[in-house]
Every structure is written in structure tokens, then in C-alpha cells.
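Each chain carries a letter (A, B, C, D, E and F) given by its place in the written order, and its residues are counted from 1.
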Amino acid sequence: MRIERMTTEELRKALTRDPVVFLPIGATEAHGPHLPLGTDSLQPEAMADMLADRLGGMVAPPIRYGHHSSTRNMVGTLGVNSDTLRYLVRDVLESLVSEGTTKIVILSGHAGHVHMAALKVAVSELLEEYDVKVMLLTDYDIAREIQGELGVPEDDGHGGMVETARVMALAPELVREPRGSGEFVDQRYMMIPNPEICYPRGFAGRADLATPELGRRINERIADIIESIVRERMGV
Amino acid sequence: MRIERMTTEELRKALTRDPVVFLPIGATEAHGPHLPLGTDSLQPEAMADMLADRLGGMVAPPIRYGHHSSTRNMVGTLGVNSDTLRYLVRDVLESLVSEGTTKIVILSGHAGHVHMAALKVAVSELLEEYDVKVMLLTDYDIAREIQGELGVPEDDGHGGMVETARVMALAPELVREPRGSGEFVDQRYMMIPNPEICYPRGFAGRADLATPELGRRINERIADIIESIVRERMGV
Amino acid sequence: MRIERMTTEELRKALTRDPVVFLPIGATEAHGPHLPLGTDSLQPEAMADMLADRLGGMVAPPIRYGHHSSTRNMVGTLGVNSDTLRYLVRDVLESLVSEGTTKIVILSGHAGHVHMAALKVAVSELLEEYDVKVMLLTDYDIAREIQGELGVPEDDGHGGMVETARVMALAPELVREPRGSGEFVDQRYMMIPNPEICYPRGFAGRADLATPELGRRINERIADIIESIVRERMGV
Amino acid sequence: MRIERMTTEELRKALTRDPVVFLPIGATEAHGPHLPLGTDSLQPEAMADMLADRLGGMVAPPIRYGHHSSTRNMVGTLGVNSDTLRYLVRDVLESLVSEGTTKIVILSGHAGHVHMAALKVAVSELLEEYDVKVMLLTDYDIAREIQGELGVPEDDGHGGMVETARVMALAPELVREPRGSGEFVDQRYMMIPNPEICYPRGFAGRADLATPELGRRINERIADIIESIVRERMGV
Amino acid sequence: MRIERMTTEELRKALTRDPVVFLPIGATEAHGPHLPLGTDSLQPEAMADMLADRLGGMVAPPIRYGHHSSTRNMVGTLGVNSDTLRYLVRDVLESLVSEGTTKIVILSGHAGHVHMAALKVAVSELLEEYDVKVMLLTDYDIAREIQGELGVPEDDGHGGMVETARVMALAPELVREPRGSGEFVDQRYMMIPNPEICYPRGFAGRADLATPELGRRINERIADIIESIVRERMGV
Amino acid sequence: MRIERMTTEELRKALTRDPVVFLPIGATEAHGPHLPLGTDSLQPEAMADMLADRLGGMVAPPIRYGHHSSTRNMVGTLGVNSDTLRYLVRDVLESLVSEGTTKIVILSGHAGHVHMAALKVAVSELLEEYDVKVMLLTDYDIAREIQGELGVPEDDGHGGMVETARVMALAPELVREPRGSGEFVDQRYMMIPNPEICYPRGFAGRADLATPELGRRINERIADIIESIVRERMGV
């Protein structure tokens, strides 16, 4: 259930069950010539809806802006400063807790290093003040755990086979053809002002090998894994 | 067109036309027993879509958290600090400008005094650095300009006849019955820690008199007025 | 009584009566060719002195810098950032409360939107920590409530008939002749880098129709209204 | 000339002469049983008026709140955080410079270590951006340079013989009797939460030996010294 | 060469050669019962000295405080906030650049996620303003690249075989016996207030298998790898 | 004992004795043609080691960056913003206190006005939250108390006879010849963008008259004085 669609009274009643609240954190980011800019929003929102259904939870209003490093100069990446992201998530978490929420799962569609650190700090600050349970993860990392068994190459990355397949399963009308294949060019610890050169074609992986069927399997497996962790760790 | 649904390439092409970009700023806020918490998100997003269609513009990913004063203690109000809102909007505006956007219309569904001041400061900071055109408005204020001629009582307010009618027109399945009538209790300049007492029933106005038809007329009129201002001021 | 003129011992004694403390917040701002830059300081300080006399209260040291938007580029407007204003007022309020003050009335001579929001946030932050009574108002708004009955045109504004009359009553030697008449040019929601074009002559209203007698009546009425609210709301 | 008493037009004209602008920074601070809380405001404002007269300069609206360490817990000390003071002075300086001012003399009535550091940082930040001349001093330090020759004991301090004499010369009606004598108790580098124990009687020095005549001589000598430095360093 | 040991004149002369400057960032952190709290300082400082020798570079004064998450509650972890670390490194980098340095290699002994993100943001901010070359790495990550070929188990971690061996090579007098073996207990995305439970024995890995000889080989290999990257990427 | 050289267990045991912890704050700053840039780090670290030995205390990891005003433009001065210094020291103090430390002596090698104010504010903030004993001093100021009796001229200053002698005693290999003599040129309250003109030769005093013997005596006397204050004030 999306919190936005509930009234005050409906939310009050739902909170008495002490439900898990999923906070989807998306992003607006260049994802190559074949994927939409909202790719990182689509995925965690779909996961959140699916998991809320399975677990009797609720979905908080999504955030659709994240922090971006390597793609920040590409057309279509609309990012915010990492501090802004931290404050935003901190405030939203605090609002959720002040409603009476005690179990929160943050699902981030974007997995950038600094982006995730901002979320981590936001959660840490919350936990210093409130005795609640918070899980922080990116479905991207869960996908990485299982990509081997699903036949996805090791070096699949941003906008690659996994992400393309997942969007093909969730919103096929938003995937453009042809999809092609891209690579990631490592800069070996050099910090550079033009990190987009790491992605000569704007993405990394065999997007051309993605299928809706693979996407459905990945989405399903991600949901299964998160469901299982939430049930175990949060006692749902 | 929603930017989130476009690819890098499609956005790049669209930007060559120097289109108006609408940034809808919603909120998650208690709106009485009859309206959904996302009422303030629904309205500006609908306006943005409508106006982007009429003006060949684009719609940036929506923000769905605002700053709240009087309703901040009510169940369902998920707000952020006014500084957070300012930084968020500032960053998003800067991202849009760095893409090449030169005409931005911010549509806020919430009209709180401090909320709007945060947006105003964010825009002012942007204009100190960039030579672009920005319009900042809340459809709530435009509705107020025309409510007299549409037969809405002068003291209609938060969650009242105007808002109820508009949501009935946009998402009738989210309006609960019965709707009733509420009032605003002025505190005469006293700053109080429990401002929710200003809304004994959670909203102010004759929600019971709202109709989808009235909502459609209001929405249409708001779109007409904004369209006309944008055309005149931004040379679209 | 001005706190600045008291000794430690005198203040300690006065505080045992739990008096109302008035904090006058002025500004240094261009007010057209006829009014002094300190117009917005003069008015609330005079009101504060008058009200402290009537109510057995005290007047805190005045602040004479505020935040300015529309007049910020005019010669003579000496403003501060809205954050600075917020922190300043927050700190002063906290100092007053730490002395043992429990009733504070903030009188702002300037009524700009962002300026008032900064004061509002400062007070809100105070009220989150301390259980005290704070009233926040601008005598400009109170004047607006009564200007109709006193024959002041509806569109009287910054530096207009009301302000001119009030300064003529308080400090006639600071009003220059001729006074003339000015208008406000609305920009219809456009945020502009040169907002001074809203005031082609630097002020808005029939300054030429102002008289000391009108000013005395306005000042008296404002004091009466504030006195009545303070008595009622603060139990003085 | 006080800027607050001028109109936009008068200020514009005066600025064409490139005058020195004096910014008096006062404080509201416990000064023993005999001196008013505004002692640190009275002195620099009087000096500023005197020097503006002598040098054809102008006086900016005074600031009457500073930062306090050792007296912060005493009744009547109304202080602000050192950051707040820094931002406030930084903003006011920037406003003055944006008017076209190129010569500013900051006169602080309070001489606390952290207070002065805040002012120093504010000025340093200004000088990184603007090519203007700024002098920063406290008349307290100038008094210290000459107290020996005027027969004031070496250990005269806060609220002591110098300050008492100066206020007796400037505002005799605000000095209470009897005046007595106080001492400063050094804590030898210990940082303590109750620094008021450094002033068992609330002040330090032979206030009882102060006379209006001595005050006039000190005030005159301070003005002479500052006038001479300003003429030499700022080419007035 | 350590910059601290040079005079102004010697540094000025050295800078004419445009040398690489190494900035070692250490930490003070619990490292199990066998390793000293300064383990993360020892390693990058030794690497920096070795690399400066090989490459004709210089070593900036070391920083010995970092940000810690999982060990933050353990006795001996003296950390700072991630913002503090960011500002500190940002300021030091800016100071180095203002001296004329154009090639900087940051060597961090600690590799925590949020710690590294703080450093990354600091460097990114620098690169937005200055056209210099900066490399950011932790020798911990380089060790990880080569641990397989050196026979270190895959799950070796904080205070484990690699770190113990390295300290045995660098400062054998600081390693305590017995060394034992510890494990890392993964919390699967749960953010917890007591992360020290991830390290039941305070460290992770076969510290008991470490030898000075292994440490020397690891240190040598790390230096080789960094030297090679620096030569290639910075044109030394 | 240096905390960095201890293990978790050793520190835990040592803390049960409630020892004094010395936090040496150094700097990297131009000190004329004869002294190393680390002069201000060398001195307090040596004092801290000596005092920890005498008093059974411990030495926290040193900080080697401070804030600099007058020498900030000289080659070799690597400074940080005063806010950064404040946050850094604040965080380190808080970390020490959270370990259980109750007696902290901060020894700063640099004595700049703004630098010391930053430290003072950091300590004040700590003392508002924790009931611990903190002493803040610079050995430079203690040297000043005794320089007369040791035959050092009154106007000895930065990099002069005292500092040179002290470094000759502590690290003679770092002092360059010839040493010469320098002077300080007072700017009389003018805030200037090029404060290095205050030190035409980069230092102030008769460095040429310094001897290792004098240095040893100064160091010994400083240690004696601090030891005596610490014993008296902290009950060691």
C-alpha cells in the first residue's frame, strides 16, 4: 500500500499493526541509449510494492533524486549533493519514526559509493536517537549476489544486462532498440573531473543479451531474498 | 513528457527546442478524513502534465516531501526541514540548468508560509548564479484568485472545497465519504507548539459541497491562467 | 523599560514579576525619496516602548538589520541573509529565555515573506525546546487590518501612506518633502534578479496624503490591538 | 551622520565622497551592580558618532548583541553564538561594500577573545572577496594602551575604573551608587563551566575611583588615537 | 622527505621540481588484542615514506584520525565525524595546492565505506576548483588485490593476517602475543547501533598465521603497485 | 605513553587509573629560514611526552594542522579553516571522553588568536555536554610568562629566540644556519590581505642568540609550570 493513497485515519489504523515501511530511493540518471533516465526509480519502487504486498507493509512516497559521481556530467543525470541526500533521507526517516513506525527498509535503486555512504550516515544518525530497526540496501547489490547463477557475466554493470532485463520486465515500453554492449574503463584510483570516460558508450554490460524473462527472474529472486532477510531480521 | 521516461538521447534532442521544464513539488500531509495524504502531490503533478502537453514542455521528476508547520503533528504528515527542502530544490534546479534548461516553472502543491519561503530562497540563490527564467507558484494561490467567481466561500482552506473538488476530478477513487465541513481557528499571532488545534477537524472548508465538475473547472482554469502567464513571461 | 538601561540587579528584580519582553526587529531599507532608511526600526521600537509602558513589560535591545528581497538592490538597503537573521533571533530568544523570561512578543517592522519565515522558524525551533509563550507579528500586518476603516487605499504598500504617516507622527524631522505617490508593479510569480522594478519610484502608495494625525491614530490603534491580544493570550 | 536617519538619495550622494563608515558593535552584558547592561553599546556608539563628525564619515546601524564567555551565566548577559556574530557582521560588511563603501572601521565595545576572533574571521572572509580597507578594533584595547599614563591601575578590567568613568561621562544617569571595587580571579588555563567565578563581584577594578572627568579624558584620547590611525591608514 | 622537517626555503626549492606529494591518512582504531591502535597510521605513513623515496616526492604531515562505523564503540577507537574528516582533508588539499603542488596521492590506512566516501567528496570538491592530479587509495584495497597470490585467505579482514603481517614488518615491537584468529559476522544489510558484534574477537582473519616476512612482501608489493600507477598516471 | 602504541586491552586497563590525557596540537607553518615547518608540532609533542611521563598520563595522537592568519600566504604554511579545526578538536575530545577520560590537557604549539579561539569554542561546546576537566594552553604563552627571567628580549616572537632555542634542544638537526634576527611590523588594527608584511624576514626575534642550553631550560621550566598547574587543578 502506498502511504500517499491513504488518509490520516487509514494510516493511523494501519500503524497499529506495526508494519514494515519501505522507502524507495530512486534516481534520475543517464543509463545509456536504451534505458530511461528513471531506471533507478522504477526498480526499487517495483520491489517496494511487491514486498509490501507480500509482507503486509506500506510504501512511503518515493524519492527520485540521488547523488551521482561517474555519470554526473552525462545528459539526463539530475543529481543532488550528497549532503542534501543525507538530510532529505534523515528527515523522512525521522518523520516516519515520529508517526510510530519501528521497521523501515530503505531500497535504493542507485548504488554509487558516495550515494550509499550518505544514506548510511543518515541511518546512523537516526539510530543514535531512536530505537528502531532499519535495513539499508540496494537491489543492485542483491542482484550482484545472484547474477552468477543466472548466467550474467561478472563484469556486468551500470545499465547493463541486469538492469536492462529488469526494466524490460517492469516497463518494456521504455526500453529502446538497439541495445548493444558497453564496457567500464577503470581509472585505477585516479580521481578525475570527467569520470564519464569510464563509460565510453554510457553503460557497461551486454544489454543486448537481456530478456524480459531474465528480468522477471531477477526481480523475483531479489524480492525473495529481501523478503527472507526482512522476515528473519525484523521478525515480521 | 516526463523526463524520467526519456533516454539520454531523447532528452538531449528535446533540449535543443529550449522547452519549459515544470518541476512539481508535492507533499505528504494530513488532509482531513476524506482526502489522501498525497493530495498536494496529485494536484501539481496533474497540472504539470497538462501544461507540458499544452506548451511542448517537460516534467522533471516530482518531489513529494515538503515542509509543514500547522499540520506537522498530525498523523500522515511526513515533512522535511525547511533547509532540507531548500537544498533539495536548489540542487535539482542547478542540475536542470546544467543540462541546458533556461525556463523552469516550479509548481508547488503545498502553500505553507515557510515552505514557500524555502523555495523562494532556493530560486533566489539560483538566480544569483545563472541567467535563467524561473517562475515559482502554488496552484493553491491561483485557485484562491478565482475561487470567488466559482462560488467557493471566502474562508475555504486546507483540505476544503477547492482541494476536495480538484482531487475528485483527478483521482475520485481516493476521496472518502462522508466529507463534511471543517473550520480554521485563528491563533492571532501566537506561535504555538500544537498548531493542529487550528484545524479541529483536520481541514477547513465545505468539503461536502465539492463536486468533480467543480474540480474539473478549477483545474482547467488554473491551467489556463498558468499557461497564459508562462506564454507571456517566458516567451513560449 | 529598555533592558540596556538596567543593571544586572535591576533586571533580576524585574524578572520576578514575569514581565512580557518585547523584542523589536527593525531593518535598514530603502523607503523611497521621502522616508529614512531606518523607517522599519523606528516603528516597532516605538510600539515596543509604548506597549512595555502599558503592560509593565521590558524592551530587549533592538535588532536593526533584516532580510530583504524586493528592495535588496536599492541604495540604502543593508540586509543580512535569511539564515543569519534566523540564527540571530534564535540566539537572542534563547538568551532571553535563559534569563527566566516566559513571555516574549517579537515586533518586526519589516514584513517581507522570507524575513518573516526566518523569524517563524527561529521561534519554532525555540518552542521545540522551551515551554514559553511567544507571539510573532509585524505592525505592518496589523496596520493592514485597520487601514480600510482609516481611509487608506487598499493598494497602499511599502513606504506608502501608512508608513509615511506613522513616521510623521514618530519622527517628523526625518520625513522629506515632496512626498508624492508610487505604485507596485506585480511580476506575476516570476522570480527576477532585479526586483526593484516592482517599485518604479521606490515605494507604493499615496505618501502625499499622509498626515501626522493619521500616523498617530494608526500607531494608537496598533498599540491597542497588540495590547489586547497580549493581555488575552499571555494572561498579562 | 547615522545612516538610519538618511534617505536613499542622501546616502547615494554621501557615498560619492567615499566616506569612512563606522560600524559600532555593542553588547548586552552584566557589568557589575553599578553599570547598565548596555555599557558596551554606549561606548562604541559614542566613539563612532564623535569620529564620524571629525572625519566626515557615517555611522552604520549599531549591533547590540555580542558573544560572551566569562559573563555568559550572569543575569543580564544576552549573547549570541560566535558563529551567529560572525555571519551577522559578515553580512552587514558585505551589504556596506555592495553600497560602494570602501573604508570601514569596526568599533567593538566588547573585547572578549572569542568575540573578537569571530569579528576577525568575518573581516578576513570579506577581504578575500573585496578590495576594501577595514580596521577592526575595540576601544577597550585602546583604553588599555593609555591607562597607565592616566593613572588607572594595571589590573583594571571588565566594568572597572575605565569603563565606569567612560559611562559616567557619556550617560551619568545610568551609573548606580555605590560603585565599589572588584577583582578578577585567574583560573590559570582551566576551562570551566562556571566562569562567572572569575568575577566574584561581577566586575574587576576600582569603579569607586572613576570620575566623569577621567571618563571624558579617556573618551577624548581614544577618539584622538583612532582618528589619527584612520587618517594615516585610510588616507582620509 | 617529510615536509615538516623542511624549512620554507627548502620547500620552495623542492616545489620547483613539481614533485608528487603523499598525504598519509591514518586512524586510531581498535585492532584486536594483538595490534596497536595506530595500526592504520603506521601502514600508510610507511608506504608514503617509501614511495616518496622512490619517486623523489614529499610526504605531507600525517592525519591520524579517521571516521569509523563498525568499530566505533570499541575501546581505543578515536574517530571523528565524516564531515569533519571531509573538511579537514579538503582544507589540507587546498593548502597543498595553494603552495603550487599539482600531484597529490592520498594514502588512507583505513578503508571504511563512509570514511572513504568523505575523502572522495573532499577530492571531488577540490577538483571542481583546481586543475590538479589527485589519486585516492587505501593500501588495504591494494593488499586485497594481491592477497590471493600471497596465500592469504579470502575472508581475511580488519586486523587479520594482512594487517598483522604488515605491522610485524614495520614495527614488530608493537605486536602482542598470542595473536589468534577472528571472524566477521555479517549483519545482512541491517543497520545496527552496536556494530561491534560483527567482530566477536575484535578482528577478522588468521592473525596467528602472519609473519614479518609476509608483511615485508605485502608492503613491497603494495609499494610496487602504487609506484607503477603513479608513474603511469601522473607522468612521474 | 602514546595511545597509538597501545592495544585496546592496554588502553582499557590504563583508563581505570583515570589518567590525564595530553592532546598535542601542532601546526605546519613557515618559521623563517632557520626553523622547520613542523616547529609548532615538535614543541607540544615533546612537552606532552615529558608531562605524561611525569604525571603517569597518556598522549593522544597529535594533530599537525592548525589555523593561520599572519603567515597564511607564506610558503610552507599548511593551514585549515578555523571551523575545521574546531570540529576536529571537538570530535577528538568527544571521542576521548566517550572512552572514559575525565582529565584532558590540550597543548597547542601555535598561539594564533583565531586558532586559539577555535580551540576555546571546541572545549566550551564539550563542557556544555560533559562533566570533565579540560585545560587549554599553548606552551608559547607559558614561555612568555618566563622569558623575562631567562633574558629573552620583550619583543621576541614567532620563530624568534625562544622557539629557536627550544627546537635546538629538541631536534638540533632541523635548525639551519645562519639564524639571524627578525622583527614584527605592527599594522595598528588594519586588517590586511597580505599580513606576511608583518614579518619582513619571516620571523621576529634574535634567533641568532638562541642556544640549546637556553632551549633546555625553557622546555624544563614550561614542563615544571604545566605540571604544577595540572597537579593543583586536576588533583593528579
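Side notes on the structure shown:
Here, a contact is a pair of C-beta atoms (placed from the backbone, for glycine too) under 8 Å apart; a residue touches a chain by one contact, two chains touch by 3 or more.
Given the structure is predicted, the values throughout are model-derived calculations rather than measurements.
Touch-path distance (fewest steps) from subunit C to subunit E is 3. Considering the contact criterion stated above, no chain is in touch with subunit D and with subunit F alike.
Counting hops only between chains that touch, subunit A reaches subunit E in a minimum of 1. Comparing chain pairs E-F and B-C by the number of C-beta pairs in contact, the larger count belongs to E-F.
Seen from the Cα centre of subunit A, the chain whose own Cα centre is farthest off is D.
Centroid analysis (C-alpha atoms only) places E farthest from subunit C. Superposition of subunit B on subunit E using C-alpha atoms only gives a rotation of 120 degrees, nearest 5. The distance from the centre of subunit A to the centre of subunit F, each centre being the mean of the chain's C-alpha atoms, comes to 49 Å. Centre-to-centre, using mean CA coordinates, subunit B is 31 Å away from subunit C. Subunit C and subunit D have Cα centroids separated by 26 Å. Per-chain Cα centroids separate subunit A from subunit D by 57 Å.
Not a single residue position of subunit C touches two or more of the other chains. Taken as a contact graph, with one node per protein chain and an edge wherever two chains touch, the assembly forms a single closed ring in which every chain touches exactly two others.
Here the chains make one closed ring, and walking it from subunit A through subunit E gives A, E, F, D, C, B. Note for the complex: subunit A touches subunit B at residues 2-9, 11-12, 15, 26, 28, 30-38, 41, 60-65, 74-81, 83-84, 87-88, 90-92, 95-96, 99, 174, 176, 202. On the subunit F side of its complex with subunit D, the touching residues are 69, 82, 113-114, 116-118, 120-121, 123-124, 127-128, 133-137, 188-193, 229, 233.
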